[in-house]
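The structure's right below; bear with me while I get my questions together.
To keep things simple, chains are lettered A, B, C, D, E and F as they appear, and every chain counts its residues starting from 1.
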Amino acid sequence: MAKIKGIELIKDGKRLDGRKPLQIRDVEMKVGIIPNANGSAMVRFGKTIAVAAVYGPRLLLPKHLQEGDKAIIQCRYNMAPFSTDDRVKPGSSRREIEISKVIRQAFEPVLFLENYPKTTIDIYIEIIQADGSTRVTSINAASLALADAGVPMKDLVVALSGGKINGTLILDLNGLEDNNSEADMPMAFTANKKEITLLQMDGELKQEEIKKLMTEMFKAGEEIYKMQIKALKDRYSE
Amino acid sequence: MAKIKGIELIKDGKRLDGRKPLQIRDVEMKVGIIPNANGSAMVRFGKTIAVAAVYGPRLLLPKHLQEGDKAIIQCRYNMAPFSTDDRVKPGSSRREIEISKVIRQAFEPVLFLENYPKTTIDIYIEIIQADGSTRVTSINAASLALADAGVPMKDLVVALSGGKINGTLILDLNGLEDNNSEADMPMAFTANKKEITLLQMDGELKQEEIKKLMTEMFKAGEEIYKMQIKALKDRYSE
Amino acid sequence: MAKIKGIELIKDGKRLDGRKPLQIRDVEMKVGIIPNANGSAMVRFGKTIAVAAVYGPRLLLPKHLQEGDKAIIQCRYNMAPFSTDDRVKPGSSRREIEISKVIRQAFEPVLFLENYPKTTIDIYIEIIQADGSTRVTSINAASLALADAGVPMKDLVVALSGGKINGTLILDLNGLEDNNSEADMPMAFTANKKEITLLQMDGELKQEEIKKLMTEMFKAGEEIYKMQIKALKDRYSE
Amino acid sequence: MLRANYILKLLEKNERIDGRKLDEFRQINIEKNIIEKAEGSARVKIGKTDVIAGIKMEIETPFPDTPNEGMLKTNAEFAPIAHPDFLPGPPSEDATELARVVDRGIRESNSIDLEKLCLVEGQKVWGVFIDIHIINHDGNLIDASSLASLIALMNTRIPKYEDEKIIRGEYIGKLPMLHTPINVTVSKILDKYVVDLTKEEEDVLDAWLSVAVREDGYICSMQKGGAKGLNVKNIDEMINLAAKKSKELRKLL
Amino acid sequence: MLRANYILKLLEKNERIDGRKLDEFRQINIEKNIIEKAEGSARVKIGKTDVIAGIKMEIETPFPDTPNEGMLKTNAEFAPIAHPDFLPGPPSEDATELARVVDRGIRESNSIDLEKLCLVEGQKVWGVFIDIHIINHDGNLIDASSLASLIALMNTRIPKYEDEKIIRGEYIGKLPMLHTPINVTVSKILDKYVVDLTKEEEDVLDAWLSVAVREDGYICSMQKGGAKGLNVKNIDEMINLAAKKSKELRKLL
Amino acid sequence: MLRANYILKLLEKNERIDGRKLDEFRQINIEKNIIEKAEGSARVKIGKTDVIAGIKMEIETPFPDTPNEGMLKTNAEFAPIAHPDFLPGPPSEDATELARVVDRGIRESNSIDLEKLCLVEGQKVWGVFIDIHIINHDGNLIDASSLASLIALMNTRIPKYEDEKIIRGEYIGKLPMLHTPINVTVSKILDKYVVDLTKEEEDVLDAWLSVAVREDGYICSMQKGGAKGLNVKNIDEMINLAAKKSKELRKLL
């Protein structure tokens, strides 16, 4: 999804894919899709598809990496080579390294790491298709995978992106919007306590716009939370 | 040795280097060429020259790589930068990684790995010059190097390549033939029991052709085996 | 600083930057510039700026790298990406690997390594700006950093470069001279005993020229030694 | 070890732990074109083994000795989601072998009409990138990956190329395919020939032979693996079985 | 741990271990153009934290979707001279994050007029390489590195380019700058907001928010870090504090 | 350690463990053009040390500041066949030093007439790749590798280059050589100067000086190594010895 000079992303109050500004895309969530993993999930927002698997808590080796009083989280966010318009070369880019770190931190506040000394909780994420908002889609998938793995969590983590196009605040940016937006703000938060565990922003926003956008994101987050709960129920009622 | 459109590789029953279809190239074998190694050998098929050295069985470090009940084989097949028409960049290519693996497996069936727990038997192979059939030449060299190292083997391993050019089954492909053949089939087998320990094939062959080719390869293998025995005798009668 | 065909580097007994043949550039030395390090120093010869930090002796991990009866020295010479005309790509080049080795060896003779078994003395050098003679500038900085770290030394190590341009022997080559010289000879030696601990030469010199040049380098080294002593005194009288 | 012994004991009686016959595949589930962004894609599940192959078309410089042919490159990633033993990092030896075996089956059977992929002789050709992504590993990765790759190729469309740019999302036609090789891996355990092994069956195999069979019956590539040898009779019978099973699998295309 | 407890105890009383107020920066020392070989450079010391940013201008091929814009690339190296825990080797996760946060602050605020850096559309543009070199790490690397990078850019000159060669040392003018984003990182420790943490303070923080504020008041990038969450009120107050402090820091430009 | 002590004890009496004089080389065996595929090659054995140097000629883009000169690149691989301590992997520090010392001897003596290797100024020149492959390491790798490289270069032929392609196997002439530097490494053990050390002698040396001497007596490169220092008198005497031995070795060319 290229940067296009002078593109009009919103017309007559509708986005190019027909959505209203604060409407999120069609969402699909499926828990337990990887039999080998302790927990796993697929989450799709529009064309963006993330698959997450959780392995652990399991003993961390070699020993010198262990923390004596708690578990560590190891997280890798990876884009499949075929997930984008131009093929992604295998191997971690600097973007992927940074995203892996912020995703890891999005879960640190909700896990009882002190209960599992010397172990690792591995969160692996594969972006199967990328059309914007991949990191927040990943977090929704990882949240479900952790729950599926039976790793105790203080709260589920819910995530989505907000932004601004042609002066209008929007939710859930797709790839074209992401690359041509005035601002892009991914956020993750705990479903009940609304503790923000990931927040990034790129672009140009006034402080009031940030506040307004967050309010809308919390609202939409309620819906995403319900979908998470439903996906987990579907899994256990299989 | 490039791929050449429409090249005629066999004329009047003779190959471009003058050989008959089932004739192997001039072969040279020399055992014990690397004083530092526990065992070593050089084998030449035509212009293809492979040097193999064996170190071990020796303690494997770091410890966590050790197998408690047997030795492991570590094998590296490597092409010298000057061994081919266009310089080979140093560092293992995917082709070299795969060949290292199949060569290792060519020897697993004949070694008494369970006799040497926690150790490694290292088989290192350098292709000094490459003119086709390098992996089978390597196996003949490694077989001699293992014998020279005094590593007990159930049987010597003998290897050669077969293939098809212009509709004719041939043995011991050179580089030009390899790159322009209809089929290329490297094979390794135990000299006496005729257990096949490496078999690969690329190209187009009917099942009957495969059988016929194997029969010829076993026959030629007898000759190669005799050369191996002679090379070992020459070494010990030095 | 490019290679320039037929460039005249010395005219009327003066070098292009106005120096006399045996004159070294303006030198600046400052000890203790990195609070985190056990010892540190900045040394500038003209535009060439080297920063050195010493960490240790400190326990070397992982264990299997330790020497039971002495400390090891780990040295890394690194060029900052912005230090040269064309940006230097991050990551160690072969040149940097070799220079790291010869710098390490320049200090081995003067340290009491046997006093610190199982430890490492880490010497890290960053070239902030490169205008010739970077390795010798680095050694002067490292010598001060070691002294600042309180690592006992038999003697301070002093270093400078000598060379030949347009038939004239010179000292302290700058970048343009280095790239267009007839010979370049970096040397490090102990300040008092005059034990040479680093010596390299590239170019064309007769044996008598080498002797003559060394004599001049020892002489100039006296001055550099005095500057080292002064820089250390300035540090302790802060 | 108890589990391994149990598997072997059952095999002696020609039985398998999941009730299958020795020459029976698990259920195969195929989804096509699941990745809109890829020029072609397929997901193949064989039992619990789950593999996605995606095809990307990119502009490349041809190899000097085939200046008017497109290029084929195959890559396999053992994504760490797929098995507790898979770790992040560069491709393992096994992933490298998998990619190369799949690649050879397709390349050596002349599946793709590479000459039709030349844009400017010696300068610009289409590169066909097959990327194999393992989602869950429960054995028989070679057959699953080969099948996924073949089906993905059969559904690949060539994008429009205008003014030195690939116009993603607009297509000028399908990838020209000449042949359809089917890869079947036959394993020998004890004196039995078994197909489509699960991961725990793979842990007790003696040797395997992977055979790519073309629609015209030609064998286009073979690869032997495993720590034990095979004799000529074994090879012959394993090729027979592979050829027979390839006909069944072909019906899935 | 005693030290950590002491820091926390003081903070409860709104005091810091070095006597500063919670919203007070350490002394900031700025040196410009310290590297003659670089097209621009700056050294920024904030207390004992010591950072050099150097700018190199190189000829690059533009990205296909911005054929008439220059390129910006930011790299950070945690040189092992700077801290006992920094080791030689490829950039760590933290160094990667630092480079990307600095990069985004500059990129997203449109600091550089990249369109003026095009030489031949689609073929040749100026690449602006920001290299951040940490000399001593005593906390708050993001603010120090951002400031050093901005000042270095503001002092960058474009070299002459003739006959396909860069003439180093001869310049045609300054790098065209449109905006000057100032990055301020606010940390939450207990229920306090604190700026410009030292390394030992960073070891006890709960969460941090880094905010790039433009001269016109626009927020141009944010990054949250740390192992604890933040609520909306926290975020709002932290942005407020960042905006306020950015005005102070701006006077240093 | 007993062995080391024995070596030292003998040296005190000016004796060596293999009966040689201190300034005596082991037997040197030279084979030329052993690799048909290489444009030049040589195998040099000094005692049990066994080294192959191969030369490949490739088309390269020249460096910007020497647009009409060919390029020289030297690489050394400590192949794991050659010594129990050599392991597969990227070049070690010692292999890197070896390659650079050999390279400098040849480069700094202007051995190759690089200006004659220009095809199109600024665009295409011949690259001369020296690859050193250690077959067995029993000491004195620098002298053996330098000699092998020089002899390989002296026997190198330039391939035909037509229609943007190298025609391997057809040649237009020999590589133009201007000078022939001979590298001799002199080691100091105790107060003795010794040449051509075996591996076990190298383990007890104090310092070494490697000196490349040209046919006209000029010294073209030097490298000091080892954990002890050398004084001016040492250096002078070691250069003397190196110059003397270089004349003997030169007869082997």
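Following the convention adopted for this analysis, a contact is a pair of C-beta atoms (placed from the backbone, for glycine too) under 8 Å apart; a residue touches a chain by one contact, two chains touch by 3 or more.
Everything numeric here is computed off the predicted structure, so don't read it as measured data.
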item: Chain-contact steps, minimal, separating chain D from chain B; value: 1
item: Chain whose mean Cα position lies farthest from chain B; value: E
item: Furthest chain, CA centroid comparison against chain C; value: D
item: Between chain D and chain E, centroid-to-centroid distance (C-alpha), Å; value: 48
item: Distance from chain D to chain A - Cα centre to Cα centre, in angstrom; value: 31
item: Chain B: positions in contact with at least two other chains; value: none
item: For chain D, residues that touch 2 or more chains besides their own; value: 64, 91
item: Complex interface listing, chain A residues touching chain D; value: 33-37, 40, 47, 51-53, 55, 58, 76, 78, 80-87, 90-92, 122, 124-126, 128-131
item: Residue ranges of chain D in contact with chain B within the complex; value: 64-66, 91, 93, 96-97, 99-100, 104, 107-109, 209, 214, 217-232, 234-236, 239-240, 243
item: Complex interface listing, chain E residues touching chain C; value: 35-38, 41, 48, 50, 52, 54-56, 58, 75, 77, 79-84, 88, 90-91, 129, 131, 133, 135-138, 166, 168
item: Chain E partner contacts - residues on chain A that touch it in the complex; value: 2-4, 94-95, 97-98, 100-102, 105, 108-109, 179, 185, 189-190, 193-207, 210-211, 214, 218
